[in-house]
Structure formats: structure tokens, C-alpha cells
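Some structures are shown below for you to check.
Here subunit A shows up in two complexes: once beside subunit B, once beside subunit C.
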Partner chain A sequence: MLFNSFEFLVFFSILVVVYFSIAQRFRWMLLLGASYYFYMSWKPEYVLLILFTSLVSYYCGIWMHNAKTLKRRKHFLWLSLAINLGVLFFFKYFNFVNDGVREVLQSFSLHYSYEGLDILLPIGISFYTFQTVGYNLDVFYQVRKPEKHFGIFALFVSFFPQLIAGPIERSTVLLPQFKKEHHFNLERIQHGLKYIIWGLFKKLVIADRLVPIIGEAYGNVGDYSGSTLWFATFLYAIQLYADFSAYSEIAKGLAKILGYDLMENFDHPFKSKNITEFWRRWHISLSFWLRDYLYNPILFAKKKWGRPAVIYSLFITFILCGVWHGAKFTYLIFGLLQAFVLTFEILSKKWRKNLQSSAPKFFYNNLSMLLTFGFTLFSFSFFRADSFSDSMVLSKALFSTPFDFNDLFSFIKASGGIRLAFTLTLVLLFLSMDHKIYALVKNEKSSRFQKLLIFPALLAAIGMFGYFGEVEFIYFQF
Partner chain B sequence: MGQLLKYLISTCLCTIALYLILNFGMAQLYYKGQPFIFITNNYFTEKGGDTYARFLEFNKKSASNIIFTGSSRAYRGYDPLIFDEVGVSSFNLGSSGQKMPNTALIISHLLNSENTSKIILELYPKGFTDDISESDFDLITNLKDDKLAVKIALKTKDPRFINTYLTRLLFSGFNTDLPIDAEYVSRGFCKSDRVMSDETYKYLELRFSEDNSNNFNIQGIRHLDSIANHCKSENIELILVTSPVSDFYSQKNHSKLLLSIQPILEDYNLRYLDYSQNTSFSTKDHFYDASHLNYTGVKKFNKMLIKDLGL
Partner chain C sequence: MKTEEIYAQLLDVFKNVFENNSIVIEESTTANDIENWDSMTHLMLITEIETDFKIEINGMDVMNLHNVGNLVSLIERKLG
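Showing the complex of A and B:
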């Protein structure tokens, strides 16, 4: 059941009416039931996996809290990590590792015939696993007490607006909200609807329209020159941003209507002037999770090393960030690229500061933004590539034929010519208006006229220019 | 609650107004002689072509002995002029990619005991798949009957069909000045004299080397049932036919088709003439592509059908 489907509209409308009609004490049951139903509409049996993850984290949290010694607390933490990450590993990486083992053994002429498991990756597993692991770490570090109500804890793990693709919420923020009474509030509903409309616009009018164009270029990387592949990668960056931020905003809007606040997951990432800033603006819930639960603890543990500890922590964090997205070498390269550039930024901090003070501000800022965006595109080419060999072909083309405009023009012509130009106009309009419209979505500075017209205009544009093929959100695959 | 309703209604009204303005504006704006609205999405089709000509020519009030219907295999496979030779009047209401839901709507809306006594429905596995079809957009744009177009537009919950219907209204008017398919002959039939070249055959061999089985949609079978029911109540004889097929036809799909229609054949005691196993048709001589008969094939098949129907 996709957010951009008619079934979901019916499901959510009924849920809202029932939710505000029943007493507070029954609401967690309704939301939990709705969340499980939402998840089961994809593959019913995998709901048992969420239930299992919830049970493990719930009891480990309680046992950790009751443990008398740090050593015992650590045992329960490791138990929770081993089970939760073990399940994630099993579904996400087992076949990848198995294939690797087979290839290594074959290179030594040893026969290993096991083909791996024929299993489907449970949708949203990376997101809810990190959320539950975050909860257990919070309990371990005594940032919060364990949740005693299993039903509410299970709801925290499976809350349907953010279950499939985040934001990865903090237990300290989301769990208490399930215990508060939420009254029917017109302003909140209006606010939530604005998030949903903006998200749907980004998904249907921007992201989904770009799918066939990008698919053509990335499906045949060997047939196109660097200029075309840069162009396709630029469109992919827009698609990824529009698609993923759309999901986060629809999730935020849905939760808001029900009375809950989810965190911001994006903050205009393409305006970043360096990669450090980029990660503060892109997939914020994941990057902050990695910072708080991985980077900082590693840095703390290795603090005696001095500056190398920072670099070491960065590499570990971003390798994990890369492979969190999936079992592919291209994701690993994506993570490594981020780590290299972030290391460069740390090492060149003084030099860049001097340069910034001596160069004209406008020039420095825009060049920084351009370079950051250029690097982001390059790293996204690995993120999007279908295979490792494709990413190699792609990288070679990106740098060997970046100015082959004849190939680019024939690609544009073959992709629909004027129709593609129209899509590009929508993309450019979106990029230039993104900041302003998001301020309106967040209820910041808006005139009565804007309030009255902008969201109906977005809805009209969705109806008119939307791509209604029910394309899945990109981050569902992670 | 009242305030929420007020907000929702005002937002909806503003949205509808802006949507209409946007549509109207895009329809008035021209690029290289083409209204800009056709550039905004790939499902818009300009009025004209064989579907337009067919439904413009069709007169609900004039009677024909036989009406052919189905996909392009129908309007390219049954020539009313050949049936004229045996004194049987007929009309072809097939249209590109027509699927069972649309066939059911066309039959229930346009055909009755007063304008026909027999319907020949061309059965092809693709007619039972559930993907969004070109047929919907084509029919909404080109049907002469406004009520039928709106019914097709509203049967799905997809805004694309509403857009197409609105565009139809923006470019209203049916006249003979619009471009008509060069292969369109008359009474719904389109003729092709092309023969399949060796290159095309080789290309198709490569293309259809993998399994191309369809997902059968149970709704399609329900629509076939409703067609049979309509024909029964209108006292029209419904005959199901699968016209000859090329070497690229999936026998796996055909088996699924036979299995699915069997209960309906039995319930309504329908005649089914299956030419898919007829080996006298050669792909290279009687077809011009993977699915459609050329005119040599049509003549041969139609004469065979006339004989089998005892006309």
C-alpha cells in the first residue's frame, strides 16, 4: 500500500475518523493494528519479524535497566545488538557474503555450490532495526528508562507513517508522544495536509517523471558519453532528493494529522558548501543516528589517538553508512568516497578558512556549493549504478567524455525532446521554489493570498502533471 | 469539524478552479502548431486516427447483421466488405489495445437487439491483462458518444483519465477534417498489404525468445461474463473467436485463456471458434507483424469464418 495510492487514501481517512472518535486509552491499539495491517498489505508473514524485533528490544531494554552491574548491562546490549543486527544481516547481506565466499573459494579451485537463500528483503528492515537499536543504546547509556508498556513499544517500532523509510526516530522523542492525549486540532490537520501535498507534488510531479529518463541512461551506461551520464546523474540526484524527501514529508504530515511530530529529514542539501554540511542536511535522521550511536562512541573510545581517531571513526561510520543501503560494492564505494572527502575537509580546515577570508564571499560560496554538488553527483553515480562493472564504465565516461554535447542532444531528443524540456522546466521551477514553499509548509511567513492559493495550485499541478504509475519510493529497497 | 469541512471544501474548490485554468491555458498555448497540453504528459493523444473515424462512422440507429469487436486484431482481422459478398452487413468496433472492461462498456452502451443480431468478439490473451491500456486514452479521446467516454474515464480512479477526458472537452467537435489513419478503409476496418520481411521475422524471433506470458486478471473474465449476460438479455448471439496467430503467439497464454473462459462457454452455451491452431496460415505470408494478419491473411481467414458460421 503506497502513500500515493487510492487504497492508502481510504485506509488513512477511515483511520483518522476512528482515531479521533475513540478514547485515548484505546488509541495505541488502533495505531498498532493499523501499522501492522499497513505492513501486512505488503507481505503478511514478515509482520512476525517486526514483532520478534520488538520483543527482543523490549525485553533487552528492561533487563538492561534491571541489571545490577555495567558488565551485565553490556551483556544484554550485546544480546540485543546481536539479534537485531543478526536478523538484518541475515536478510540483507547473507547472499552477498555467500556469493563472495563462493567466488573466493572458486579462485582457489575449491567447489562450493550453495547458491544462497531465495528470500525477499523485508521492506523497511534497515529503518526499524536502527530505530530499535537506537532505543536499546539509549537505555544502555541511561538516556532514558525502558518502556514498560509493550503495546506502546511495539507501536514505536512499527508506527506506519515512518515504518518503511524513516525518518529513524529517537525513542526519547517519539515514545513519550504515544502517551500524550492528542485532541482533534484543525490547525494541525491543515499543517499535516500541507506536508502531504508538498510531498505528493515532489513524488508525482518531479521524482516519478524522471524515472524513465534516468532508467534509460543507467540501464545502458556503455552506450552513452560522459555528458549524457552527467546529465542523467544530475536528474538522478533530483529524483533521489525529491523522492526521499517526499516520503519523509508525507510521513511527517500523516503523523501530524494524528497529533505526532516526526523529525525533519532534509534541509535543502544541495545548498551545502561542503560535504560535512551536506550530511547535516541530507537524510538527517540517519546521519545523526550514525553520529550519536557510532561515530561519537568510536571517537570516545579511541580519543587517545588524537586526530587519527577522528579519521578512523569517519571511515568506520561511512563504510557502515554505505553498506547500510545494501549489499553492493557500489554502496561501499559511495561510503568510502564520503569518508575520503570528509577526511580532506578535516585536514584542510585551516587552509580553507584562510582561503575563505581572502577570496570574495560570493565567489567562494558559489564555488564551494558547485564543487560540493559536483562531488555529490559523482558519488551518487555509484549509488545508482546497477552493478560494480557499470559503475566503472560510468566513472570512466564521466571523466573522459564530459563535453560530448552531440551525444547529450541526441539523448534529449530520443527521450522526448520538448516533453523532456517541459519536465526539466518543472525540475528547475521546483529547485528554485523548494526553499520558499517549504517555508510555507512549515507555517513560516506566509501571506493570506499564499496560504489560500499555493496548496490548491500544487494539487492542481499534481492532477495535471503528475505521473500516476504508482512508482515505489526509492528508499523502500533499503 | 465544521471548520475542517469548510477548509477542505474551499481547498477543493480552489484546486478545481486552478486545475481548470491550467488545463484551459495549456490547451490555448501552442508550440509548433500543437497545443502545449499534449507536451505535458505522454498519455495525451490528439483526436483523430482510426478509432475516431470508426466511431464517427458508426451509427447506433442503423442495423448490421454482425458487429466485430475486440483489440486491433479485430479491426485489422475482419473486413465488412468480404462479408458483404455473402449478403451479410457488418461493422467493426475493435480498437487498439481494447481490453475486456472497455469491450463490455462499448457493447452494453452501443449494441442492442435493434442494431445487431450477432456479435463476434475477438479473444486474445492480452485483453485479459490489467495494465493501464492505450485503449482507454484512445477511446476517451476519440469516442463520439460523450456518455460512454465519461464512463470509461470514471471506471478507474486514475487522474490521467480525467485529464484525458477534460482535454477531450477542450478540443470538442467532431468533424471529418481531422487526420484519419491511411490504412482505415471503412466500417471500422483497417487494411495492411505489408508482408513480413526476413529481418522483421528474425527480430521478432529474438524479441519473443523469452517467455511472454501475461498475468490474467480475473476482472477480465467477469467482464466477459457481463458481455455474455448483456447479449443474452438483448437476444444477440455472441460468438467468441480467436483469429489465426503467428509463430510468436504464446501457447502458454492460450492455454490460460482456454481454461479461464471455459465456465462462461458452458454457462451461456457460447460458440467459440479457435483458429489459433490452424496451421494453414503462415507467419511470413499472412502476417505483417507478430499479431496482425495482412490483407492476404484477412481474406483467407474471413472466407473460412463465413463458411464455418454457415453464412
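Showing the complex of A and C:
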């Protein structure tokens, strides 16, 4: 059941009416039932996995809290990590490891014919596993006490607006919200609707329209020159941003209507002037999760090393950030590229500061932004490439023939000429107005005239230019 | 050691680590309020505090630091 489907509209409308007409003490049951129903509409038996994860983390949390010694607390933490990450590993990486083992054995002429498992990846597993593991780490670090109410805890793990693709919420922020009564509030509902309309616009008018164009280039990387592939990668960056931020904002809007606040997951990432800043603006809930639960613990465990500890933690964190997306070499390269550039940024901090103070501000800022965006595109080419060999073809072309404009023009012509020009106009309009519209969505600006005009205009644009083929959100595959 | 003395000594550590003599810290100061307070300087800050106050701060303590106020209470606790 996708957010951009009629079925979901019916489901959510009924839920809102029932939610506000029943007493607070029944609401967690309703939301939990709705969340499980939402998940089961995709593959019913996998809901048992969520229930299992919830039970493991719930009991590990309580046992950790009751443990008399730090050693025992650690045991329960390891138990939770082993089970939760074990399940994640099994579904996400088992076949990849199995293929690797087979290849190695075959290279030694040993017979190994097991083809691996033919199973679907449980949708959203990377997201809810991280959220649950985060809870157990919070209890371990004594940032919070364990949740005693299993129903509310199960709801925290499965809350349907953010179950499939985040934001990965903190237990300290989301759990307490389930215990507070949220009254019907028309103003808040309007606010939630703004998030949803803006999200639907980004998804249906921007992201989904770009799918076939990017697919053509990335499906046949050997046929195109660097200029076309840069162009397709640029469109892919826009698609990924529009698609994923759309999901996050729709999630935020849905939760807001029911009275809950979810965190901001994006903050205009393409405006970043360096990659450090980029990761503070892109998929914020994941990068902050990695910072607090992986990077910082490693860093402070190795603090005696001094500066090398920072680089060591960075590499481990970004390798894991890469492969968190899936078992593919291209994701590993994506992570490694980030780690290399972030290391460069740490080592060159003083040098860059001096440069910044001596160069003209306008020139320095724009060049930094351009270089950062260029690197982001390059790393995204690995992220999007269908295979490792494709990514090698891509990298070669991106650097050898970036100015072959004839190829680009014939690609644009073949992709529908005027229709593509129209889509591009929409993309550029979106990029130039994203900041301003989002300020209105967040109620940061309150120009009544703009407010009254912009949301009906967005709805009209969705109606006129939206793509209603129910394309899945990109991050559902992670 | 009195809380005010801890603040005074801590301010010197901050000035030193961030190479900024005009820095001001108070209970509610967070990493967002101070320029260049990133993970690198955070690590330097913690190791400086360890040497300066002769205490040991572990990963567990670091997890619960959200502002300067938390940091001062941690130092107070460690100094016993």
C-alpha cells in the first residue's frame, strides 16, 4: 500500500476519523493494529519479523536496565545486537556472501552448487532495525529508561508513517509522544496536509517523471558518452532527492495529522559547500544515527590515537553507511568515496580556512558548492549503477567524454525533445523554489497571500502534470 | 572544586581547543553555538579536559553530553 495510492487515502481517512473519536487509552491499539495492517498489505508473514524484533529489543531493554553490573548489561546489549543485526544480515547479505563463497570455492575447483535463498527482502527492515537497535543503545548508555508498555514499544517499532523508509526516529523523541493525548486540531491537520501536498508534488511531478529518462541512460551505459551520463546522473540526483525527501515529508505530514512530530530528514543538501555539510543535510536521521551510535563510540574507544582515530572511525562508519544500502560493491565504493573526501576535509581544514579568508566570498562559496555537487554526482553514479562493471564504464565515460555535446543533444531528442524540455523546466523551477516553498510548508514564513496561492497551485500541478503510475519510493529497496 | 571554578577552567580549555579567545560558554551552550565544534574538535576537547582536570571520560559518558551544562556536571561527578 503506497502513500501515493487510492487505497492508502481510504485507509488513512478512516484511521483519522476513528483515531479522534476513541479514547486516548485505546489509541495505541488502533495505531498498532493499523501499522501491522499497513505492513501486512505488502507481505503478511513478514509482520512476524517486526513482532520478533520488538520482543527481542523490549526484553533486552528491560534486562539491561535490571542488570547489576556493566558486564551483564553488555551481555544483553550484545544479545540484542546479534539477533537484530543477525536477522538484517540474513535477509540482506546472505546471498551476497553465499555467491562470494561459491566463487572462491569454484576458483579452487571445489564443487559448491547452493544457489542461495529465493526470498524477498522484508521491506523497511534496515530502517526499523536501526530504530530498534538505537533504542537498545539508548538504554545501554542510560540515555533513557526501558519502555515498560510492550504495546507502545511495538508501536514505536512499527509506526506506519515512518516504518518503510524513515526518518529513523530516536526513542527519546518518539516514544514519549505515544503517551501524550493529541486532540483534534484543525490547524495542525492543515499543517500536516501542507507536508503531504509538497511531498506528493515532489514525488509525482518531479521524481516519477524522471524515471524513464534516467533508466534509459543507466540501462545502456556503454551506448552513451560522458556528457549524457553526467546529465542522467544530475537528473538522478534530483530524482533521489525529490523521491526520498517526498517520502520523509509525507511521513511527517501523516504523523502530524495524528499529532506526532517526526524529525526533518533533509535540509537542502545540494546547497552544501563541502561533504561534511552534505551529510548534515542529507538523510539526516541516518547520518545522525551513524554519528551517535557508531562513529562516536568507535572514536572515543580509540581516543588515545588522536587524529588517526577520527579517520579510522570515519572509514568504518562510511563503509557501513555504504553497505547499509545493500550488498553491492557499488554501495561499498559509494561509502569509501565519502570517507576519502571527508578525510581530506578534516586534514585540509586549516588550509581551506585560510583560502576562504583570502579569496572573494562569492567566488569561494560558489566554487565550493559546485565542486561539492560535482563530487556528489560522481558518487551517486555508483549508487545508481546497475552493476560493478557498469559503474566502471560510467566512471571512465564521465571523465573521458564529458564535453561530447552532440551525444547529449541526440539523447535529449530521442528522449522526447519538447516533453523532456518541459520536464527540465519543472525540475529547474523546483530547484529554484524548493527553499521558499519549504519555508511555507514549515510555517516559517506566513505570507497569507503566498500560502493561499501556493498549495492550490501545487495541487493543480499534481493533477495536471503528475505521474499516476504508482511508482514505488526508491528507498523502499533498502 | 566549585562549579564556578570548573566553568573558569573549562573556558580556558575551550579557548585553547577552538583557538578563539572571545569564546563564551554557559550551561545551555551546544555544539551549534560554537564555530568549528565538530567531531574532531570534540575529541580534542574531551582529551584536553581529561588532562586538564586529571579525570577519565569514557564512551558511555560522552553519549550523555548534550550541552556545556552536562559537561560541567560530568566533570563535577568525576572529581567526586
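One rule holds for everything that comes next: the second predicted complex is superposed on the first by the 478 of 478 C-alpha atoms of A that agree within 3 Å, B and C clash if a C-alpha of one lies under 4 Å from a C-alpha of the other, contacts with A are read in each partner's own complex, and residues count from 1 in each chain.
By definition in this document, a residue touches a chain if its C-beta (ideal position, glycine included) is under 8 Å from a C-beta of that chain, and two chains touch if they have at least 3 such contacts.
Computed from a predicted structure; not experimentally measured.
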item	value
Fit or clash - subunit C, subunit B, common subunit A	fit
First, second, both or neither for A:F455, with subunit B first and subunit C second	first
Subunit B versus subunit C as contact partner of A:A67, first or second or both or neither	neither
Superposed model, subunit A: greater residue contact from subunit B or subunit C	B
Vertex subunit A, arms to subunit B and subunit C (CA centres, degrees, nearest 10)	170
Subunit B versus subunit C as contact partner of A:Y295, first or second or both or neither	second
Which superposed partner A:L336 touches (first subunit B, second subunit C, both, neither)	neither
Touching partner for A:G466 - first (subunit B), second (subunit C), both, neither	first
Nearest Cα pair across subunit B and subunit C, whole Å	38
Touching both subunit C and subunit B, counted on subunit A across the two superposed complexes	none
Parts of subunit A lying in touch with subunit B, wherever the complex brings them together	6, 184, 186, 189-190, 193, 416, 418-419, 422, 452-453, 455-457, 459-469
Subunit A-touching residues of subunit B, taken from the complex the two chains share	1, 3-4, 7, 10-11, 14-19, 21-23, 26, 31-32, 39-42, 132, 157-160, 162-163
Parts of subunit C lying in touch with subunit A, wherever the complex brings them together	38-40, 43, 46-47, 57-60, 62-64
Residues of subunit A that touch subunit C when the two form their complex	141-143, 276, 291-292, 295-297, 299-301, 303, 306-307, 309-310, 346, 349
